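Both complexes shown next keep chain A, but they swap its partner, so chain B is in the first and chain C is in the second.
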Partner chain A sequence: MSAGGKKQLSQTQAAWLLLTPFLLTYALFLVYPFLRGFWISLHDWNLLAVAFNPDAKEYVGLRNYERVMWGRNIAWGLFAAPLWQGTGLVGLVLSVALVLAGRLSRFNAIALGVISALLVLLPGFHPGEEGRWYDRRFWPTVGNTLVFVGLAVPGVTLSALVLAAAMNRETRAMGILRTLFFLSQVLSVTVVTLIWQIMFSPRQGLIANITETFGGTPINWLTDEQFAMAAIVIATIWWSLGIAMILFLAGLQDISKDIYEAAALDNAKGVKAFWYVTLPNLQRTITLVVVLQIILHFQVFGQSHLMTQGGPNDTTQVLVRYIYQTGFRDSELGRASAMAVFLFLIMGCFSIIQFIVGREK
Partner chain B sequence: MSGVTLGNVIKRYGDVQVIHGVDLDIDDGEFCVFVGPSGCGKSTLLRMVAGLEETTSGKIQIGPRDVTRVDPAERGVAMVFQTYALYPHMTVEQNMGFGLKMTGHPAAEIRQKTAEASRILKLDDYLERKPAALSGGQRQRVAIGRAIVRGPEVFLFDEPLSNLDAELRVEMRVEISRLHKEIGATMIYVTHDQVEAMTLADKIVVLRLGRIEQVGAPLDLYRDPDNRFVAGFIGSPAMNFVGGRVENGAVHVPAFGGPVRPEVALPADGTAVTLGIRPEHAVIDRSGDGFTVELTEALGGVSYTYLTAGTGEKLIVEERGDERSTMGDTVGLRMEPHRLYLFDKDTEARIR
Partner chain C sequence: MNRGYYWLILGLSMPAFLWLVPTIWMVSLSFQPNEVLARTTSTTFFGLVPLPFTAENYAALVSFGQTPWWFLNSVIVAVGMTLGVLAVSTTAGYVLARMDFPFKRTITVICLVGLMVPEQAVFIPLYTMFADFGWHNSYHALILPRMAVPIGVFLMMQFFRAIPKDIEEAARLDGVGWLKIFWYVMLPLARPAMMTLAILTFLYAWNDYLWPLVSAQQREYFTITLGLASIQSNFAQSEGLGRVMASGVIASLPVVILFLIFQRYVVQAMTVGGSKG
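Up next is the complex of A and B:
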């Protein structure tokens, strides 16, 4: 370049030049839609009306947020939701106690403390006398989503960890098994839900057949309020096991063989070695998998939409499905956007946690 | 405390046999070094004693106990690995106490034993650190401490100093030697470094291709090797070898341009032999001829002169004093007949 006396790009200029295509795409398809969504959430915005007449929207400030999350005569009490708030209080006491005992790092203590405080605070809100939520379905939907995440994330993490530990061997059979377990990951949600709808079917499903073989009465998985969420969680675990398993396998292969030999001489084999050597060395991978899964599963939509249609009686209604219905069935785009911003905040928090934990040595 | 006995020990991986019937007695409290080139099976043999490799056939005894099929943790051995193999998530103190914790010893006893080990190894200032915050030498100390804490009957070292720099290696070598005197336990030590072998061992076991070539005290192996391999392996720089043939009661060596008469019982005329002479036992004769000086390495106290004979065979000669050969010189060699070693060219066995 320099030979012919041509103008040479500095390193910074070259960097910007190479980054430009990405930055443009990023701005156009992610930053702009996000800002636009936030802007929409500040308006009373009917999808159809605005489509035909761009002026048919009205700036309403934070009214949409109030309409979604708040109500009339909302009161706060320490005993409004004893189970959640009790758990939160225990968590608060525990975080203080563990810090005093020196068993918890500062970061973990703060994380536990903040989560516990939120558990005490948020479920305490409830409609007082003569009061009611403006949107009766929003908070139960958030609750359903939390329950889904709370079941699916540990489910995926634990089963992926166990599978990875069992398959961490360099044999051909293990290679085939790994591929098989990963295969479900490449299926689309439509196929996965179809497979599991058949599996769960009380007439022809595999599970029903097995139950009948052992003399039981088949469960109506998808239409029983007690089992519908469990069914969705099971299908989800089966579907998203692969990536977590691959991450764990990578983590496991990072642990040197020598350490296991030293452990064998130190009388730590099998389960003991797993507990004292494998798990502590996988801590970072576990954190990564958990946070990735949390972010992923907060956005659950397809499983609920296709398997149970949010039912029975709204027990599997989840946040993204509610946003979708509010926006595109009820045409309340402003309110739907407000909910989407709320979801964004939740996932943003977990992304930040992931970022901080990733930096910690 | 106990010795270790190997009886016709064999190791096979599928069709490939790597240890071919090893018989060995290691006495109680002895420092035994397995030495040999890469792939000779020395590490495999050590790992079989540890129980980390299964023994295909034969018998391994520690003291009076047959441990051939016993779990590694129950053999009463502790091992120090080349890569240290410390638990990265534990502090120095936890690393050293882990074995006792796993066997259910009370915390007070573990603390007392780790304190004792850290005193011996001067690790007191590092007990709360994790391995990542230690230097290579310190990590190896911790690995040794972990072995000491378990109070084993036999210590096993698998090339423990290979990952250290030269200076630390000497320091740790002295330390391991001191440790052996202080503890008095049986130790088996694997290395490919013959200086470590010579300086540490009570008994050296020279291995090649899964067989024992010779067992003996370091100086016995140096003075009286059984075969050409041991003669070449022990001693630094290695012994020089030149080809020859027995003729008329003398050994005719083309490289020397004439017959030599080593003080051994010569085989029949016509036998092809290899003549061995250590670099420190040959003397350069500046007025002689027959060899060209290729290179000299001056190390201060001694220098090594690389010679090429008329036959193309190469030799190294150690010179002391200030006078040194220069490149391109033509020189001769003198040697005392009783310093010459003679080997059968085909079987490589020593002719005594």
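Up next is the complex of A and C:
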């Protein structure tokens, strides 16, 4: 093949020609909307009013952020939210103890420490005398999202870790078992919620059928304040165990067999080997899986929207669903965008952690 | 293979079966008559075995209701999105991995920073933008936003970087132009990576819920995922449990078949998608 009659493109020309399609869509449908989101969050912007008259928005500066996150006479106290702050204190102590015991790398310890410190600090804010939040639902919604993350992430991580360690052999039977555990992962969120809505139904559900056979009274899973969150967490663990399991299996492949053989000579087998060999060598993968799960589950929407509609009594209302409702049911795009920016900032922090962990090696 | 191994298999079979139960239950209900299910779902072995058996629910789905139409929409959107993402990602990924030009580093960084932006952070401004263009309730409104997500570029870039340089250099010495090298030399080599990216995109398109929910308000433009959400909120009164479950099975069929045939690629795709997007 030769250049023929036509003149060839130079490297730079060819590069720009091939880059243009992506750069155009990227600028138009990601960069621009992202910046526009900030801009909308600085306006009093009613979806319907602006749709009819583009000038019906008003610049309000950071007022939307204040209206979402702040209130009148907000004070801070160490015992304002004992459960949250207690958890934070335990986390702080734990991160120090684990570093001293040599069970945690410095980076993980710092990450855990920072999150714990935030848990001590942030829930300490509360309305003082005659004070109130401007938006009474925002922080409880953030709290629910954190509870969801706090239950789903350890649930997925622990079960995936145990399963992966048990299935870490390349045989046909193990392959089939892995397939079975992974299958639910490819289903869409609406199929998952469809299945579990009816599984949990006290009248028609499989769980109710089984409890009734054994003489129990069925639980109103999705409409009982005590169980609604547990129900969507169970459905979520069932749905998203697969990826975590696969990532752990990949991490386990990297641990050389020699270490296990050396450990076996020291009488470390089974559970002991898992604790003293597998866990320390798998720390990077565990961190990666945990951070990934946090990013993924912080954005939960479908499970809450379809299974419990945020209820009962707002106990399963989560951040993305609140953004969606504020924007598209209450038409308050400005406030919804301020919350979306808040979401992005949190996600951004975890993305950076993920990036650093991914690089370490 | 010692005795411990067989005990392990046996011990794992129990949770594996439990894991499968919800899916079996959906399939089983979809094959039972609605009149029976309205009374009780505890038919044969807690309803996990489809007796009494009927295929009526599937026949009803095909003859009336919008499920076939939604299914078709999903196919159009998923295939369109997959082709679009492949086109923009292979080209950009190749350029960023292999070619030299001014501002290359800057552009690479700008492109990859986009990996940090979650869909949930841009869906409101995207909604107003598409509303200004009058683009909602169309296939391109459902397809375009995903083409801007740099995960595919990242994936292809990683892949092209790993290919030895001499293949390309030999072609250069023969005086082959850059575009021809890309099309005739590099793309054929990139098939496995393109396969992974195609499956990742197809799964995403088929299962996406939030963006179709805000963009497609007319039922004619619902994808099957969105349509299923719209019928499950009032399944008890309207359609009958068996038929809703049949819709669920139909909605899952393409992704499950894809998974069973291309398991290796699916696992790879979801690992990449999970860890980077």
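Here is the rule we use: the second predicted complex is superposed on the first by the 307 of 361 C-alpha atoms of A that agree within 3 Å, B and C clash if a C-alpha of one lies under 4 Å from a C-alpha of the other, contacts with A are read in each partner's own complex, and residues count from 1 in each chain.
Assume a residue touches a chain if its C-beta (ideal position, glycine included) is under 8 Å from a C-beta of that chain, and two chains touch if they have at least 3 such contacts.
None of these values were measured; they are calculated from a predicted model.
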**Prompt:** Superposed on chain A, are chain B and chain C clashing or fitting side by side?
**Reply:** fit
**Prompt:** Thinking of the overlay built on chain A, is A:Leu62 touched by chain B (first), by chain C (second), by both, or by neither?
**Reply:** neither
**Request:** Using the touch definition from the top, say if A:Ile356 reaches chain B (first), chain C (second), both or neither.
**Result:** neither
**Item:** Touching partner for A:Leu78 - first (chain B), second (chain C), both, neither
**Value:** neither
**Prompt:** Can A:Lys272 be said to touch chain B (first), chain C (second), both, or neither?
**Reply:** first
**Asked** Taking the superposition as given, does A:Val90 touch the first partner, chain B, the second, chain C, both, or neither?
**Response** neither
**Asked** Where does A:Leu158 make contact in the superposed view: on chain B (first), on chain C (second), on both, or on neither?
**Response** neither
**Message:** Students often get this wrong, so check: with C-alpha centres, what angle lies at chain A between chain B and chain C, to the nearest 10 degrees?
**Reply:** 80
**Request:** Would you sort A:Ala264 into first (chain B), second (chain C), both or neither based on which partner it touches?
**Result:** first
**Request:** For A:Trp196, decide between first (touching chain B), second (touching chain C), both and neither.
**Result:** second
**Request:** Check the contacts made with chain A and report whether chain B or chain C touches more of its residues.
**Result:** C
**Message:** Looking at A:Leu100 after the superposition, I want to know if it touches chain B, chain C, both of them or none. Which is it: first, second, both, neither?
**Reply:** neither
**Asked** So after superposition, what is the minimum Cα distance from chain B to chain C, given in Å?
**Response** 9
**Item:** Common interface positions of chain A, toward chain B and toward chain C
**Value:** none
**Fill in**
Listed in rising order, the residues of chain C that touch chain A in the complex are 1, 5, 8-9, 11-13, 15-17, 19-23, 25-26, 29, 37, 40-42, 46-48, 87-89, 91-92, 94-96, 99-102, 104, 107, 111, 114-129, 131, 144-145, 147-150, 153, 174-180, 182, 203, 206-207, 209-210, 213-214, 225-226, 228-229, 232-233, 241, 244-245, 248, 251-252, 255-256, 258-260, 263, 266-267, 270-271, 274-275
**Touching residues on chain A, where the partner in the complex is chain B** = 256, 258-259, 261-269, 272, 276-277, 280-281, 283
**Prompt:** Tell me, which parts of chain B touch chain A in their complex?
**Reply:** 50-52, 71-73, 77-79, 81, 83-90, 98-99, 102-103, 146, 150
**Asked** Contact residues on chain A for chain C in the complex?
**Response** 1-3, 8-9, 11-12, 14-19, 21-23, 25-26, 28-34, 36-37, 40, 47, 50-51, 163, 166-167, 169, 171, 173-174, 177, 179-191, 193-199, 204-206, 209-210, 212-213, 238, 241-243, 246-247, 250, 288, 292, 295-296, 299, 301-302, 306, 320, 323-324, 327-328, 333, 336-337, 340-341, 343-344, 347-348, 351-352, 358
